[in-house]
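Just so it is clear, A, B, C and D label the chains in written order, and each chain counts residues from 1 on its own.
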Amino acid sequence: MSLPILDEPRTPFDGFRDECGVVGIWGHAEAANLAYLGLHALQHRGQEGAGIVASDGLQLRAMRGQGLVADVFRDRDALEALAGSRAIGHVRYSTAGGNEAANVQPLMVRYGGGGLAIAHNGNYVNARSVREELEAEGAIFQSSSDTEVLVHLVARSRQRSFVNRVVDALARVQGAGSVLVLTERMMLATRDPHGFRPLVLGQLPGGGWVFASETPALDLIGATFVRDLSPGEVVVVDQDGLTSFHPFPRTKPRACIFEYVYFSRPDTMLWGKDVYSVRRELGRRLAQEQPCDVDMVLPVPDSGVAAALGFAREIQAPFELGLIRNHYVGRSFIEPNQRIRDFGVKLKLNPVPGLLTGQRVAVVDDSLVRGTTCRKIVRLLRAAGVAEVHLRIAAPPTVGPCWYGIDTPTREELIASRNEIEEIGRFVGADSIGYLSLQGLHAAVHEGEDGFCDACFSGQYPVLHDDLQRGPQLPLFAEST
Amino acid sequence: MSLPILDEPRTPFDGFRDECGVVGIWGHAEAANLAYLGLHALQHRGQEGAGIVASDGLQLRAMRGQGLVADVFRDRDALEALAGSRAIGHVRYSTAGGNEAANVQPLMVRYGGGGLAIAHNGNYVNARSVREELEAEGAIFQSSSDTEVLVHLVARSRQRSFVNRVVDALARVQGAGSVLVLTERMMLATRDPHGFRPLVLGQLPGGGWVFASETPALDLIGATFVRDLSPGEVVVVDQDGLTSFHPFPRTKPRACIFEYVYFSRPDTMLWGKDVYSVRRELGRRLAQEQPCDVDMVLPVPDSGVAAALGFAREIQAPFELGLIRNHYVGRSFIEPNQRIRDFGVKLKLNPVPGLLTGQRVAVVDDSLVRGTTCRKIVRLLRAAGVAEVHLRIAAPPTVGPCWYGIDTPTREELIASRNEIEEIGRFVGADSIGYLSLQGLHAAVHEGEDGFCDACFSGQYPVLHDDLQRGPQLPLFAEST
Amino acid sequence: MSLPILDEPRTPFDGFRDECGVVGIWGHAEAANLAYLGLHALQHRGQEGAGIVASDGLQLRAMRGQGLVADVFRDRDALEALAGSRAIGHVRYSTAGGNEAANVQPLMVRYGGGGLAIAHNGNYVNARSVREELEAEGAIFQSSSDTEVLVHLVARSRQRSFVNRVVDALARVQGAGSVLVLTERMMLATRDPHGFRPLVLGQLPGGGWVFASETPALDLIGATFVRDLSPGEVVVVDQDGLTSFHPFPRTKPRACIFEYVYFSRPDTMLWGKDVYSVRRELGRRLAQEQPCDVDMVLPVPDSGVAAALGFAREIQAPFELGLIRNHYVGRSFIEPNQRIRDFGVKLKLNPVPGLLTGQRVAVVDDSLVRGTTCRKIVRLLRAAGVAEVHLRIAAPPTVGPCWYGIDTPTREELIASRNEIEEIGRFVGADSIGYLSLQGLHAAVHEGEDGFCDACFSGQYPVLHDDLQRGPQLPLFAEST
Amino acid sequence: MSLPILDEPRTPFDGFRDECGVVGIWGHAEAANLAYLGLHALQHRGQEGAGIVASDGLQLRAMRGQGLVADVFRDRDALEALAGSRAIGHVRYSTAGGNEAANVQPLMVRYGGGGLAIAHNGNYVNARSVREELEAEGAIFQSSSDTEVLVHLVARSRQRSFVNRVVDALARVQGAGSVLVLTERMMLATRDPHGFRPLVLGQLPGGGWVFASETPALDLIGATFVRDLSPGEVVVVDQDGLTSFHPFPRTKPRACIFEYVYFSRPDTMLWGKDVYSVRRELGRRLAQEQPCDVDMVLPVPDSGVAAALGFAREIQAPFELGLIRNHYVGRSFIEPNQRIRDFGVKLKLNPVPGLLTGQRVAVVDDSLVRGTTCRKIVRLLRAAGVAEVHLRIAAPPTVGPCWYGIDTPTREELIASRNEIEEIGRFVGADSIGYLSLQGLHAAVHEGEDGFCDACFSGQYPVLHDDLQRGPQLPLFAEST
């Protein structure tokens, strides 16, 4: 699945979904600065907004804004004003229609016990009902984010200790949440009991602690990987050091299998495996299940590269980078009035001339969502003289939206939710099409089926969503910028 | 009193004071556009932030930011996206140390009953205690503004009708508040029972209603002035039209006399009088009380012009614009490293050469706060060859800070709070100094003393402040931008 | 004449006219910084672009851009990178259609002898013919400015010494030019033989020299006024000190009388008189020539204030600031779609309510150009209840455009060039109208008629313009920004 | 050779070198828009500035600025103001110390015959002497670019026809120049007689003509490749259609071999070959010449990918993307104060964990310039547990700077100019190092040696440079921005 391109904007299915990345630094003189670098390494997890809250033990200070990390933190002086040896940071991929400015995280509030900042990666499926309960009790909401729900729950908890308040609040929400909490005096990190989203613990050379969504954030700042947080684990760091406990009833882990398929970086060490090797294995199994007789194997860059390598090796056909990606594509690109055929995809991809003429090619991508980009790629290849195009997808058909923190199109927009595989092949114009089986996916990931959430491929949702009973909800307010 | 200049930054006395301006439009196809123009006419009441929330009957939409009105609303498309025939707007003069971005108004939240936006001009003296009570009940605060306190009170009220909830909330706060409230379905406007800050009602040619802090906002958009809201009045506009009621116990009105002295525009019709004529009368009475034998009368531009005209006319000396003001002075001015004497004031004011040599001049200003600018002006005039400088202030000595919504220096910084008048004269270097008496001020305003709040001149505060018992409070969090 | 307002953009009569301001600093460690402050004091002479070139004796360094001085020089580090003890600066009021970016001054080039920077205030009437001659010889032009013509003439001169080259070049051009030239080793300042535009010499406390268009630039940086440069004078400053000479044949001086009427700051000491007092005297003489029986005299702020004071004093009627000016009007103002009557002028001016009802008023302005703004002001006053409006203009009718460096409308747009005075009065809707006579103007300025250029009032142009024979010229290229 | 990264800024060897890209459109209603897209496809050839000049047959209009294409042309309205069916565009990689703003191309001037715009890719080795001759004749220069020299030569030519003037001018300069010229009435395209830099001709579906540095510019706008321009060819397009001629004496072609090695896009069809396949062949021959016994082959992404594929295939070892590139690296990145080892390279590259532990790897890059980045990559790999690192460079040692339009370090900074290959291997810390031979390079490109310029590898410069006799030159002026 390629990132969204110009003429094919993602239509988010409602105003509550977003994929995000979080990082936390405890015990380093340049905490905000390291958080900034960590966010940079997590930029692929959210490009619409970024923020950092730092603590010097007395006061919380925030800097948050819309755009890429490098845009939000342009000003070195402002970044250095985030004083203190503790900081949490957040990147987000926002959804249309939401209150943009108010949704940028970490959320920072004052409540009875002092200041409180929260950075959250995931999505709570019962956020709407809990919010309505809270509203009925007089709570006010300035954003549409799950995180504000969590903050209210912390503030209203009857528990006395701060950690118990947070646990109390977490017990009220259901769904996906890797969460970092910062107060003047402590930091708390947790993965929800199903463990949908990743969260790792690392250590700095000087002894400080790091939490991050993915390991490349540790690599960049020179921290050592310690371990993944377990599903349902709560880790607290304060002046007494690091404490871990498991306050929630044990449930089946449901790590997001799509993190392996597409979302995480290839250089991430995720739940014990490096993502690159998993994707290459997905390609290898795909080749076993759906071989084809071709002259060469082309990846859709950059998403399909690792799978295409595995695929090519298995069928013993040459791997070629026959589609070249232009990395300069900006956000707001001025399109000519006189439409150029397949303009959007041409802005990003161009075939190598000569190489492809008269060739039979397999094109490998990591996943197929709506099929429109893929259709344009097939047309580009045909125009470059390719004789046969065999499309291979290193994942099963995507049949359902994600409710646990990845922004996906609606079910209706997912081409595989309403078409047979052969129809999809005809739509994209390929000579043949092949998907990896669900079994193949799980085998590549090497775990029994119940260790992962594969809802987007299987339609089996481990936790049901509020909206199923009640239908989607209109945003109540919106902010321009 | 001149606006702050470069080398003399105002030091606000704590984090809760700000003077603001508000405007509301009901029943016009271009409501947000008219609110924008109205804010422009109120720009002098707040130059640090601006915002508009509009309603189309179904949804609230906001656009808010830091800077001047023209900076925040640069983008016509974004302004036009604020759809609907109802809108409220706000300009603010923020105080240092506060959470800048979060404090920009109107505040827009979602609570049990739907969306709610509030724009507030004033300051509640018991905001801190009420906030602490609310926090004890689990409320969370994202800013340090009084307005957020008010919103929580509305959300938690046990009253059933929305209007009663607002009235219930207003009954809990004490101090100054001219407030506009907007929901999807109605607009509410109110002045606190003392009526500290102004708020007027106007009507558009097509029949729509306008609320505004000052009448020039009506003038600019072609609306007709209808009347001042009364102290304690609540006006509700909805589909059934405009309703007024007085739910609060009657108390003595305490309109801010400083609005006449300095804050309001000269072309404002304020509580039955035009401000320009009041200021000219202040100058006339000052001349009667504190005459002097001079060759000419100079105003400190632009604040002292009307008073100087009245003064000059009364003592029958020529009025001359002998100090020329440079209107291009920006916010961030690069000062040379090698200091130039009186550089800051020179950036803004320059004497007319020739005119002043050997002359005895009276210099008239509207008020005197810390005396440092005035001292520089006296030096400028002496350097220009003036023979005698007689300083005349068209208000009594400023002895106390304002607690009701005007950002003022601390008591210690007010030169008149710790010096005899003669000492002030020596400090600024004038040959003589004269202030208007408190009686003269009230006589010019033509009301009995109890109709106005003159606390900054008399030290008699109509409503006491939280902080008096407990000392000032540190900000708990801060946001960089 | 008021500055241009929103709905009444100035239409420049061709692409070559601009009014500008220049400043030069020689012999101060912070030369660029002082030039920056000097430009700030001259900001009224040009608001479209600004630039500084500094020399450290070895290399010239430039910083130039479009916008106000404070916009162009936002970055202190960049300003400080303009190293050296010598600098020249320029502000400009650009004309539409010209090559904006390329026209920003000082122009800096490399030619045979090294680096060369020029800042020019004025307009050469034969620039077009000289440019065409130069083009015929193979010269290339990157802008449409006169200054580039001058630079080519310097570069092509057969003279050996640099000063003689400049003199040689100046001898080729006709019209208005107060010019500053900077090379790695010297600075040269000159006024053209007619002396159309001002240029003064001042001295810094530490002994350095300052050149500036107007004296407030000296005042702001603490320099002492030494003297006006004479018409035709060339002043050279280098390591040997300051030298003055008069290389051009003597001709009649033709100082621009409009500098007194409108363009210069009131606090400028111009050719021996302070501008403020001259304008007051213009008002006094206007009252003698065109008295009226009124209840009060109102200036059009800020342009008519000094004249209105003189007028009011002479007819012994009260001077009142009955029209209040809003100083926050920005450049790009979003106008409502539903037009508000006289919207543009309302954005800038608002009558004081109450003061004017039933009154007979004289409205005094410094000059009348197209009459459309004035017409709106009269309507505003009538709407405010004024009984009679008597318009008085403290200058003669403006009948011709300026060819010597002030950007003016075309002759056709000048209301007085094609209407009798009574028709103008009817157009603007005044009950009476009166202009100052040409004799009165000259008498106020206290010089014989031949000391000044009064072409815009008399139609007598001291130097004829290229375009008269050949018609105006289309711009050959344009640059967007 | 990787693009420059944070802590390793390129030091250009003087102020005249830049690599650039050009595009020209003739005969399309949206010429400027297509030029904009073409520049986008050429963005890799210059990221410091961009510009377009369009002609509607009467007037030239320019839009130029510093930054990426998407930054310079943010404003659709401004782009659309570049009216006309003809346009030329330019991207540039500027050199430090030059007059940035003035150097942005296309250069647009007015000379005797009208308007003239030039976009130039290349570098004239005798620009300095010609400029000095021109200066001696009175020419002025506003930039330090070769292009301004060319414009002066055109303007001063004694030839009567415009085309002959351009030819006359081109005959005076020596070195590299693929040039596009636009006047109100025609477009001219040319490659210098040695043909150092590429330039191709294409045709639009509607019949219009396109010139571009590389074929992907044609691909993006849907144009068909027609042919390369020949060395020394001049193509003129005007109302009579397209004419080609060869006015210069024939000389040996010297196409830049480095375009194949690094500079051109892999999807470019360059001089009859696709660049991707050439690079893969370079890798194959490298493997034949410098084989090694490894477990896997890693490219330095993205520059070494194609060569690494060829290398891996030849030695029959697996190709793995073991170093992951972060494409979000911005220009101004805030580095922590406490240095992180190899921070700069970590920002861009991160090894895949697990994959590399204990492995013997070959690392393949396209070229090696200073060796410092490579040394960091070796350290990164060792830290990731790699057992052996064998560095393979798919080009010969880089021993000399380029004088023909590619910005390169000085000879002293080129590690291969002063070290034996073994020393380089020790410096970068590799277990072995191997370069492709010069013969191998030529064989891969499949031409006799004299068809290409290989000066950077061989030290044999086909045309000598001015500066050799006279030493480098200091910039005479500088512009801040």
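The rule is simple: a residue touches a chain if its C-beta (ideal position, glycine included) is under 8 Å from a C-beta of that chain, and two chains touch if they have at least 3 such contacts.
Remember, it's a predicted structure, so these values are computed and weren't measured experimentally.
Between the contact lists of subunit A and subunit B, the overlap is empty.
The greatest centre-to-centre distance from subunit B, using averaged C-alpha positions, is reached by D.
For the touching copies subunit A and subunit D, the fraction of interface residue numbers used by both exceeds half; the interface is of the same-residue type. Averaged Cα coordinates give subunit A a centre that lies 60 Å from the centre of subunit C. Once the centre of each chain is set as its mean CA position, subunit B and subunit C turn out to be 37 Å apart.
Taking each chain's centre as the average of its CA atoms, subunit C and subunit D sit 47 Å apart. For subunit C, no residue reaches two or more other chains under the stated contact definition.
Pairwise chain contacts present here: A-B, A-D, B-C, C-D [touch as defined]. Those residues of subunit C whose C-beta lies close enough to touch subunit D in the complex are 59-64, 78, 81-82, 99, 101, 107-112, 114-116, 132, 135-142, 144, 151-152, 155-157, 474-481. Of all the residues in subunit C, the ones that touch subunit B in their complex are 29-30, 33-34, 36-37, 40-41, 43-44, 68-70, 73-74, 76, 79, 215-216, 219-222, 265-267, 269, 273-274, 276-277, 305-306, 309, 313, 318-322, 324, 326-328, 330, 332-334, 336-338, 340-341, 346-347, 350-355.
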